[in-house]
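Each chain gets a letter, A, B, C, D and E, in the order it is written, and its residues are counted from 1.
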């Protein structure tokens, strides 16, 4: 037993500590008034954890190669931390006001646990750990989806999520078993050198990829996403659509590079088609949505397609562009969900029609929402413009101009539906009952400020991209 | 002789597994389906035994047959007050499901048969050896390569969280 | 700090100042002073540029470059040549007249307006493909809200259509820009440096087409012009002014600065396709305008025709024709701004833009009407006004080619001036002359002082170019030297 | 002779002053200022004429082209540039005199005629603008300057014709005039482009020097559709000329243009603008003769036909201004024919001299006729002949001056028309007997319709006038008298001493044989007119009934308006514009919208896939995985 | 000696029968049972590969082991959610959980 191995895992340990502190606090605080400190505590701990994540960076592997940490994984975890922090900030208000059946503490606890799972996914050097990480990240997330347990929609979302995630994990595991059968190892390093193109490895890879694609919600493995996003509580949706997706993308990127590098011929074409289909289908569905959460689900599907643009060449530039894209996407999407949460908390509505004339009643929220959708659409000077540019550049660098062209043309369609939101907020007249000015609690405000600052600064301040770019695989 | 006995046992169990699993997914009565699942699981444990994975077989029996299946049966009893009959099946879906079934089996079997496995020697050497429990224990809490302390711990977090989550969702309040 | 950046910073400062204001008087002060400063800065740039040019033979002057995104060699690189200086002047003039035409608008309107201005000025001073593209998009997106919120008629449809079509153009453009960057070696985004690199010919074909179409959409290239009629018709006055007057020039400028300059060989070989398209634009726009009954539609089609002429001339790849193209951009920018501001004056009083419902406005609002006639004359190319100069330069330049194809096209393009006369005179005859059709119109007043200001300022500019074109022409002609060197390589 | 530039600058300054200051100026002041400005120009022109013809112009016995002033205005490239300048040569100086004189007369006359009109200041401003443009046109040093002023002339005439802007017919007429001439100018422009591209210059001096050798060498080749570049260029230039000078079939705008104030008609449609085409051909004459002689033949035939055609129509018109308009067309066609039949140099170039001479004389007597008609209209407030008759008693001065003008145009000696017409006829006779015959017939017709006009206004049955018609005020009849005097004397000028095709003076005698023939036919025309119209009778009606079909056609101007109407309305509007507008809205825009609709449709089509059934999702999932696997295998 | 492929064929059949069940069953619990089949078949795969091909280490076996644990956890969560669905909708028919669509 060599416990020094654990020292490398300070991020995981830190998170685990938070996880445990929260459990203990939750158990002992119970229903006492001390519980009101739960949320500040959770936010504070995670914030400290997030900030600390930027300072301690150590390269190395532990547990005989099962655990890997380096600049890149730390960066990825930091990004996930930021996203989770924002979700924590946004979730509180909803958790407080929701009916009695909802316990506040568990949300944070479970979220922290899923985040822990994502850490493992990212740091995994072995498919077993990767698989456990994925399951840790997704099985409890089903509980988050079904969190509003007195609401049928939420229950349905939870059921769909757990069934589909189990199904996909079965498929993925099947793929892994074939990969294992063909190579005789589960370690990334070993498998990379042993893997060859045979029907079995190809089958294994495709099945494994399908499992990850499910998490990223790439078409045609995306179909759970809209339903679950719509039915889940809004903070869960935000979490699933941003953090969970980001983690899966990171893993896909890492495994493609570290394990399946030799099979580029297979995955390039496979993902090329999937990327195009994802972007197109996501866009087509998004056009007709009337529920804003469902709408953002489809929008995030098509965004996932854009993300794949950086992944599918497996280049260094693609890596930086993807990470950067995800960072910007995180800020933009979470900003949007922050607004959605606020509106939902006040009006209980999530249709796009509820946003009619929002600019007249709540100019600041409308402005944030506009910035968010513009950032998602890739309008300068917001971060989305830069991230789209870089991700297209990374594809163009490899000479894949046709894909870039298809993707850019699709941005026009996406612009159409994003503008629908803007139109609803700025042009349409507010409904009579929307007159009241909404007040958002300070946490949510902080999250919105954070997101807006992120959207504005991450693009214009080039340091962020330079920092990411300096980190290779 | 052991060879042949093994083969007979295997093919019998294989047949049982196939038939039971088919029945498990087609039986109209939920309890029957659960029972067929049980049979499948037990036969799987038998396969593990054939493979000399005794520990695995025990775990299979205790966790699956002992734990999960009980859970299933409780759930079935809990949710089917009106009787456990499910309604008739959707033919269209059955056809497409069957298509997936056939195509899937075809593709996977083709892929496996096509693959040149490098086996032969290993089997005879390790053929009948049972794996030492101590070895398993060491591997489970070791930190080196081919040792799984980290996975084990991670799994514990998973199980804990799932427990919290399941309780959260399932409890009445 | 580089003086050019001032042009971007002032609108930015205005934008911020507007965000904290609620009072209309305050808003007006901010925008008039701000755009006045922009105009002053533009003039200062022009003066400094002329001084520099006297002592320097560099293609771009007042340059400065700061690294922005090192991994992709993206710089904030600015610099101007004579053409950009003229474009900047044009933009600042149109922008301030636009402010006066939008005198009664609220704060939010000007917020977007300032954003538009940031985009426009940033675009014209950029030397870096990335920043150029960035500013290009910055300039496009405020149109959605400007039209969607403050427009009239089918404003939502029009705003959506305009934004989407222009953004589709910019999607083409983005692919093209990436193509340029990577096929030229991926070492620089600076246009001047890129011009020294060679893009492989097989890539030039598609990149040129993409970039040209991308910019062409904004330049109202047939068949991608249909945003123009709807968009202009729905837009509020000053937005139409700025859009037709300045924004459409972004297209022509981009075609010239990026497509032709960086890919001269492809330009040579592909120009015939686009010449046909632009030739169609020219004639088609003119004929399209003949039957329209909405004043703004007439002008929008006329813009299609005139802007088509810009692209047409650029594609002729002759120095004179390109000079004409730039002159035409200036001229069209000014006169179309004038047109739209006057249409705004008329519309704000009569509440109709249907020429069948108006008549004899000369009697009712003589000032606006006379200005309209002047604008009309400028549009149909009356000597002494800017339109004549630019059109003649284009025709003479285009005719320099010896091949029959280009000559026949030129001749076809010249026919547009007759058709232009037809629809301009038809409009003038119906709206301004004749008896007053609607007795209610007799009570209407003439233009207010702020409207007069913008009209007079624009007319002065139009006449200045028309009467003394050689100064402007000289600046443009000289600035074309680098482009011609590129083109003459082949 | 740098001062000549002021001849042009004074009117434009007047224009700016009057139009910008119209609010603050009293109408009368404005009129007087405008007239004074014109007077300055006129004096300067006379002085120029004196200096040119008698002091400086002649070099080695030839009247040279003197560039009195020039400045580069716009440079197109290394070679081509537009200059603005003043070119003095016999014809431009002659034109200066004619234009300023007539313009001054018109200014004066307008002071009376336009009194009390709304927009009096504007009117004078526009007159100044027109004068400026016309003067700039004739002194142009290069063809592009000419084109520039050519366009300005068009625009200012548009404004003048449409002066009564509340009158729909005036608006329509002004529009028509502008568009028809604009269409012709298109030819002019393309001609310039071809010409300048081949020769590399716009400059008249270079173009016409050495018998147009530059054009001959550079443009004889390069055939397009079987014609040489020169032929193309010169025909297109002639197209421009034909537009301004109202040659068939581009003449249709001129009769309608009579909707403008009558003094304007006198200025624009008699004396100055309409002869710009003739002037252009004369200006480019060496090129026509040496580089494109075929075009000259074309000019001859077009001119001859137009002369006859217009004369026939003139016989049938009842609006007095329209009669004059058709007579103008006919007379200008005469000038064109004269140019067409002319050669270069000495007596061969007699046609050229004759043409210019006729232009000169015609300017005065036609202006006189218009102004006289204006006085009549002023008196009876109508343009129609039916509302006139017997006015000789009420308006003696007008009557006499009108008669003088009629005699002049009919070619009766010793009035000026006789001399110039005779010269044209003799030039035509030498060149082509058939053309001569046509012109001879036209001369007779001219005399007939002019006297028809004369008789029906001043003789015939006296109408019952609502208001007693009275002689025009002095400010109106003084110009009449001045012009009448000029009409009487200017024919005696030894014109060929001053104006000739190559600048070298020669003496052209009167060919008495032809002269007598023309006088005879003129007198015959007058006699017939007298028989028909001196007294009110039913003779005209009977004659008309006898030739009913022809008469109808002629009185409808041979349906040329309808033909044009058909071409523009039916073909351009219906067959080009409307389809384009439709195409744009439905096909192009439809395509764009269809892209949107298709996207929506596609979205709608795939929507059911997202059925909400988790098993469907799984099915899709499995099939996708399997298909992808197979796909990758097959790859 | 039993050929390894025969094991694999059995597990393949079990796997796709599970898939079939997932697609066709109406009862949520039956669907869950199908998932169990799927997971179980994968675990067989791992063990077989380990035993036949790479008996030096116990990777496959451990994967099976952990897989069993994970499937237990998953079943727990799934059943909790299904019970919750049942509580809200009073039945656990898959066809009834299709409120969220399009």
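Just so we're on the same page, a residue touches a chain if its C-beta (ideal position, glycine included) is under 8 Å from a C-beta of that chain, and two chains touch if they have at least 3 such contacts.
Please read all numbers here as calculations on a predicted model, not as lab measurements.
J.: Please give the intersection of the contact partners of chain A with those of chain E.
T.: Both-contact set = B, D.
J.: What is the minimum number of touch steps required to go from chain B to chain D?
T.: Minimum number of steps from chain B to chain D: 1.
J.: For which chain is the distance between its Cα centroid and the global protein Cα centroid smallest?
T.: C
J.: Among the chains, which is located farthest from chain C on the basis of C-alpha centroids?
T.: B
J.: On a CA-centroid basis, which chain has its centre farthest from chain D's?
T.: B
J.: Centroid of chain B to centroid of chain E, CA atoms only: how many Å?
T.: Measuring from centre to centre gives 7 Å for this pair.
J.: Distance from the CA centroid of chain B to that of chain C, rounded to the nearest Å?
T.: A distance of 71 Å separates the two centres.
J.: Can you check how far apart chain A and chain C are, centre to centre, with Cα atoms defining each centre and the answer in Å?
T.: 42
J.: Mind checking the centre-to-centre distance between chain C and chain E? Centres are C-alpha means, answer in whole Å.
T.: Each chain reduced to its C-alpha mean, chain C and chain E end up 64 Å apart.
J.: Check each residue of chain C and list the ones that touch at least two other chains.
T.: In chain C, 164 touch at least two other chains.
J.: Please output the residue numbers of chain D that touch at least 2 other chains, ranges allowed.
T.: 596, 607, 610, 612, 614-615, 618-619, 622, 629
J.: On chain E, where are the residues touching two or more other chains?
T.: In chain E, 15, 18-19, 22-25, 31-32, 53-54, 59, 62, 66, 70, 73-74, 77, 80-82, 84, 97, 99-102 touch at least two other chains.
J.: So, with touch as defined above, which chain pairs make the list?
T.: A-B, A-C, A-D, A-E, B-D, B-E, C-D, D-E
J.: Under the touch definition given earlier, write down the residues of chain E that touch chain D in their complex.
T.: For chain E paired with chain D, touching residues are 19, 22-25, 31, 94-95, 97-102.
J.: Which residues, counting only chain D, touch chain B once they are in their complex?
T.: It is residues 615, 619, 622-623, 626, 629-630 of chain D that touch chain B.
J.: List the residues on chain B that touch chain A in their complex, please.
T.: Answer in residue numbers: 107-108, 110-112, 114-117, 141-151, 154-155, 157-158, 160-162, 164-166, 168-169, 173.
J.: Which residues of chain A touch chain C in their complex?
T.: 317, 320, 374, 379-381, 385-386, 389-390, 392-393, 396-397, 399, 401, 404-405, 408-409, 411-412, 415-416, 419, 422-423, 426-427, 462, 465-466, 469
J.: Across the complex, what residues on chain E touch chain B?
T.: So the residues of chain E in touch with chain B come to 1-2, 4-10, 12-21, 23-27, 29-30, 32-34, 36-37, 40, 43-44, 47-48, 51-59, 61-62, 64-66, 68-77, 79-84, 86, 91-93.
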